[in-house]
Amino acid sequence: MRRYAILLTFLLLVPISATRGQADIIAIKAGKILTISGDPVTDGVILVENGRIAEIGTEIEVPENASIIDASQKVVMPGLVDASAVPPVRGDLNEQSSEITPALRISSALDPQSKVLKRIVQTGVTTLYVSPGWRNVIGGLGVVIKPTGPPRRTQEMIIKDDAALTVVMGLDPISGNRIPWREPPTNFYYRRPTTRMAIIWMLRKSLFDAQQYATSKDKEDPGLQILCSALEDEIPIRLNVRRAINIRTALKLAEEHDLKLILDECTEGYKVAEEIAQKNVPVVLGPFYYYPGSSSQYREGREVNWNNAGILANAGVKVALASGAQSQPIDLLTAATFAVRHGMPRDKALKAITMTPAEILGIADRVGSLEKGKDADILILSGDPLKVTTRIERVILNGKTVHKTD
Amino acid sequence: MKSRFCTAFTAVLLIVFVMSALGYAGPVRKKLAIQAGKIITIAGADLKNGVILIEDGIIKAVGTDVEIPWDTFVIEAKDKVIMPGFVLAHTSSGLDRANENVPEVPFLSTFDSIDPISSYFEDSLRDGVVAMLVLPGNNTLLGGTGTVVRPHGRTVEAMLIKRYTGLKISLRPTRNTSRMGHMQRFRRYISDLKDYLEEYEQRKADAKEEKKPFDEEIDTRKQPMVDLLDEKLTAFIYCDRAADIPKAIEIHKTHELDTVLVLGSDCYKAVGLIAKSKLPVILPPQLIVWETNEETNEEEMKIIPMIFHKAGVKFAFQTDTSQYGSRYLWYQAATAVKHGMKRTEALKSITLYPAKFIGVDDRLGSIAVGKEATLVFLTGDPLDAQAWVDQVMIAGEIVYEKAKDERLKKLLEKPDEIQVPEDTD
Amino acid sequence: MMDYKRIVVVPSLLLLLMFTSTFGGQDIAIRGGNILTINDAPIENGIILIKDGKIEALGQDVMIPADVRTIDASNKFVMPGLIDAQSRLFVIDSELRESRTIAPELNIIDAIDPFIKEYREVLAQGVTVIYVAPGSRSLVGGRGAVLKLNGSKTADKMVLKTDVAVKAAIGVSPNNESSSLTRLEHYSSIREALLETKVYMQRKEKYDRELAEYKEKKAEYEKKDGEREAEKKEKPKRPAKFRPNPTYEVLAKVIRKEIPLQIEAHRVSDILNALRLADEFDFSLILDKCTEGYMISDEIARRKVPVIVGPVSTSFVDMPRLEYRNHDMRNAAILSRRRIKLALGVSGRDGASSKFILSAAAMAVANGMDKDAALRAITLTPAEIFGVADRIGSLEVGKDADIVILNRHPLDALTQVKTVLIEGKVVFERKTEQ
Amino acid sequence: MRRRIFPSILLSLSVFSHLVVAAEDTQSLAIRAGRIWTVTDGVITDGVIIVKDGKIHAVGKEPDVPAEAKILDMSDKDVIPGLIDAHCHVGLSLDIFAEIDEIVSAVTPDMQILDAFDPLAEDVTKARSSGVTTVMLAPGNKNPIAGQTAIVKLYGNKMNDWVLKRKGGVKLSLRDEALMSDRRPTSRAGLMALLREQLNEGKAYKDDEYDPCGEVLKRVADGNVPAYICACTVDEIASAVTLVDEYGLKAVLIGAEKGDEIADIIAERDIPVIYAPLLLFSKDKDLKRVVKLANSGIKLAFSSTAPKTALHDLRTSAILATKYGLNPEVAIKSLTIHAAEILGIADRVGSIEKGKDADLVILNGDPLQLTSNIEMVIINGHIVYKRQEE
């Protein structure tokens, strides 16, 4: 059903862009093109047709009917990919009534009119991953969207539904749960988990239930069905972990069940960088910068290293930098700039906000770098992207200018 | 002869005492010369390959063709950029509690509340801040007086630059009070104060008439407000929303105060009024706010420093320690430059202007002959995120060195390998 | 496309600039309209001449000087700017929350946020003046003010009159709970405050007397002092300083009839209590809301108390509160027929609701109010009640040129405000059809 | 099914038997009117309406007037069909909000709002003076699946006269009100998951084991019964459209305050809209929205959501909409025939046509003027309200 819906959306989208695209071919004359996938190109041209990159290189003939964007003094790079963004959803992100809600789809709650989308596109983000909240042990399915234009139906923004299953090993699922102390439980907050061990027990039990379900299947259960596809590696698991001990547990669990894992937030990842690298598990770093000594945002993961991203990347871990879904968001270019300040190699930092998240989200065939055939998600910058004084002058999304500064 | 010896002796003693009080054991040289790759003087043009001559912590000469006397200790900094230390014109961090829960407490002083071992000061020094005005928070109507300190020293006395500077007035109503009630409370306080002063003068006159000695002093609890009305203290008026600006200006005018406006993030809407009033301004820490355009329904980015810059308002930046980049003053300036502010003006807004607003511009804020040698040594351009504060010099004395910063090392370097017990199952 | 837009935008901006710079405050003539003067009979095909923000001349045969900008109002209706007597514009409700119950010394001016943009939409519906008062949370909430929507960025420049009335409320419950006990408490608390004020006034009078005596004696003493130093009489003693109390100072003005007391009362018993208070203390009373006033219209009429009625329909308020249980849409009609001085207010959900003032008047007409009386109730009568009728409220020579030009009769549902002038300045002009 | 209805009929009848008919009861009426707004067939000036047995017998310039008919001379007045309030909560007790939301469980499709309706309630009597003759009663917004609506007239002698539809459809709510912190669902995504789960269950429901909820859900999921979906913001409406697409619901949107932002998407699927009362808004931007919605070709009805706004202001909504640019003809149709069509009762009410119920409203002026007053209201041929000068 859902697959069809996506397919339908594509079919709907294609003719729209095709009719519009025939008239306008855009040629971007760029001073410097950071393709990300390959070497930078100086004095190059990008041809955009039908919302896709038709041609990219130095010696390209510009068609006569093309409208030209002159960026010959500028730097051009692919639109940013935010692997964990502030959800454009109203109200509670968490379904509090149960700890295990795998059938929850955050895509069905997206608010196309959300201010978050209008803002994030101005910071250069053209693709973002939205996850359910972190209050449940198994939270539900996340979605990859593009912040396209004025309020449309959410389906038109989605480029990959059921992109990952949110699982939390951090302490968030405990918060709010109560112990029935002297009185009988009066609502559903009197429940497990109230400890770290219970969180992991619940996760294990759910996986066990799913395995049982896979063999018997006596009554259809959409939740367990989704867990089954996660066990069969059809849907990757986005696991929120902060402390090193939890990261180890997660890696062990992944080995036991042969899961396809992506680690989220990973505050103490730098302590176990080699182990993560060895298991070939990618990492999405949330707000990696957190100052010890100031008022704590988290109860756990206080031992922060500013160079978390650099240490992980140098150990060979696939690292994506994200704006941070659940806390004070930051803009991605700033995140990369500070990652470099704190020790991450420059090229890896640039990849960490474009190509790497695209690969982690499984959409690298469409976004993340400037290559022929990919979506025309392009940023035009006034200078080096890793300078605070550099400004985003134009954001092009699917070949259309969606933001411009004057 | 003897008296001269005596003075010299006491002077030496005093210096020794002050140095020990500063708590820094390193050698203090009387005469210093810094050979810098680049000097951003703020006072004038930038100098390439310049020299700064320092004597007794005071700048004696700055220039490219300054001759270095033979008896001078030379600091080589040819790969560094040197500029005056950053000045923070308004902060309520580093205090035990920033706000008293009684609304009218002008007699309090942050001097009694500053926590010298708070990591906030250590961090500030690391980030190149050399002077800051610590004021009470924004939740009390008359919050108390402020203290200018340098983020270096183990006691408040050692940190002290200037005591009894500025008085915080907050126009944001406290809980259970309406905006009307808040303003009424302020007026009531002032009118009560004036009544009190009138009676005081009356008693003084009566005593004089009766030729009795008069030794009654003004109530110490009221003294700061009296000084405020006499322009001996600067009023730092916190405006929460744009609607507070006209009120602040009215207070400024009716009581003829020396005023600095401390703005909330909504106040940019009143930029016209602020520009007209020609009052100095301290911008909110959050420099970019989003506003929904009612007609187009688009989200518009409002860049607060640009709005004020275009209106010709002189301002100082503030920082917010809980925020990502805006915890650094240089980042605030760089954000403004990103959106079109003039570089020199942006740099002044983190050095000279704040120094002026808090009344220490005779000593700090720029590199000029006669000013204190309070400098930061940067590894690159101040507005570039890849540049670090390498050294900080306060009054001719190096007080911070990145190479010796253990805390920073811990934050940036990979920890030693942890032994993991073997998994046996 | 872009260029085309720019071509249009730039000249129109220039035009706008020219308007504001050259015509602002200049002489203007409005010609050819059907002038509803409100205080007098309408003038068909009349001319209004404006000079220095005031109405200079008015009538069918007014000479228009040659160099005057003329606004053509033929086939249109011209009337004075509308007044919403129960507006919430420029205030944020949460900022009016005061924990004190008797606080007449508060002034709504301190809570005015001139940066609220909604006033433009209200202005575009012909409202040029509003009356804002503190809410009904406190029993005596503070003083209200009459403001002009002239787009000024400081409250002081919007003010037409401050200290218009002291706002009080009897029997209005913030939590939608109502019991006779709280009603009694409201009434007796206000009464107590007024009684205390009387005591305060006596004390102050006494002090003033003593002070005068003291000064006299002192002068005498000093005179003697100069003459015969040896025979020093006892030095006169200064009376103990009297500290003025701002709360009672304001209430004293109410008792001296310098400021009216505006009492919000909905139910019959509360209205009667308000009238009783006015009888006892002899202050000038303005009845606000007066939801069940139609049941005791004779009582109100007998005392010649002015009334501000609103909301006309309960749909204007957020929740049908208990106070509106016996709300009747004919309230305004019944009261106005008793020759009670009556103003209509919107009393809407928020500040922007003030734009419905014409709709409210039309609803009152549908429920039996006379058309002229309804128009008067949103122009001249509120101006009279608030004591600003010398400046606004009708089209008369010498009054402020606050003028609204509409394409149809103001009570027609499809009427559109075409032009609004405040003190002779065009502050709104409709370019396109809505 | 039938055995479940029976007791409630008995109950209702016992209530109605106490109803004292105050208004005069006439068999035939001939109404001579200045203007007759037939709604479906233009305006007839100086026409006559013949009412017989509670139905409209004839309309025209000069129809034959039966000898026994009582003649009402309204030759300077306007006659319009009785207004239809497509979403309100009248007659449900004063403490209304306790009466319309069964919040203990989030899914209560088998609840019937008619069981809570009190025809003798004060507000029903008062409502007749508003010109509204037919209303859709609905449960509140606090349950994702709230229960069954009912379509009733505001006057009648017998049970059948009152109730047009006992089960008008099922009301669903996608509003934030349906989310609670201590009941499932607590989040928007959870709300959608719950609705999908329930509709899937409905689809899978088999007759062999009787379950009242399942049966209702089946009829909704199969599109046999209209789903009245309360959705106001863009994301709520978008979610509603998603459900319509996935399950093929026969949907009607209630509220749809910001529907204009995705009007084309609503129009594409021919989803009619019962619009929120306009007096809830105060900004021009919001007041104009209904116009764009109507111009996109969406069929509109108005609602008062009484007691949120007064029933009297149903007409005010339409008038305000015309002030902001709605075509007057569309406005009056939305109050009458379009509303009837949306609710599926156009064979009985909504216009002045031969054979339809004699629900008539007589005003002293243009119905789309706020200053016009309602002089008389006729329901099923009975004069139920007559304006009195006080």
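Labels A, B, C and D are assigned to the chains in the order they are written; within every chain, residues are numbered from 1.
In the analysis below, a contact is a pair of C-beta atoms (placed from the backbone, for glycine too) under 8 Å apart; a residue touches a chain by one contact, two chains touch by 3 or more.
Because the structure is a prediction, the values reported are computed rather than measured.
Set against the Cα centre of subunit D, the chain with the most distant centre is B.
In terms of C-beta pairs in contact, A-D outnumbers the other of A-D and C-D.
Rounded to a whole number, the gap between the C-alpha centres of subunit B and subunit D is 66 angstrom. Separating the centre of subunit A from that of subunit D, both taken as means of CA atoms, is a distance of 46 Å. If you average the Cα atoms of subunit A and of subunit C, the two centres end up 56 Å apart.
Measuring from the averaged C-alpha position of subunit C to that of subunit D gives a distance of 40 Å. Of all residues in subunit C, none touches 2 or more other chains.
Multi-chain contact residues of subunit A (touching two or more other chains): 150. Of all residues in subunit D, none touches 2 or more other chains. On the subunit C side of its complex with subunit D, the touching residues are 118, 121, 124, 313-316, 320, 329-330, 334, 348-353, 355-356, 359, 362-363, 365-368, 371, 411-414, 433-434.
Contacts from subunit B toward subunit C in the complex involve residues 173, 176-184, 188, 195, 199, 241-243, 246-247, 250, 269-270, 272-273, 294.
Across the interface of their complex, subunit B is touched by residues 95-100, 103, 105-108, 110-115, 117, 134, 142, 153-156, 241, 243, 246 of subunit C.
Within the complex formed with subunit A, the residues of subunit D that make contact are 176, 179, 181-193, 197, 200, 233-235, 238-239, 241-242, 245-246, 258, 261-262, 265.
Note for the complex: subunit D touches subunit C at residues 277, 279-280, 282-284, 304, 307, 309-310, 312-313, 316, 319-320, 322-325, 368-373, 389-390.
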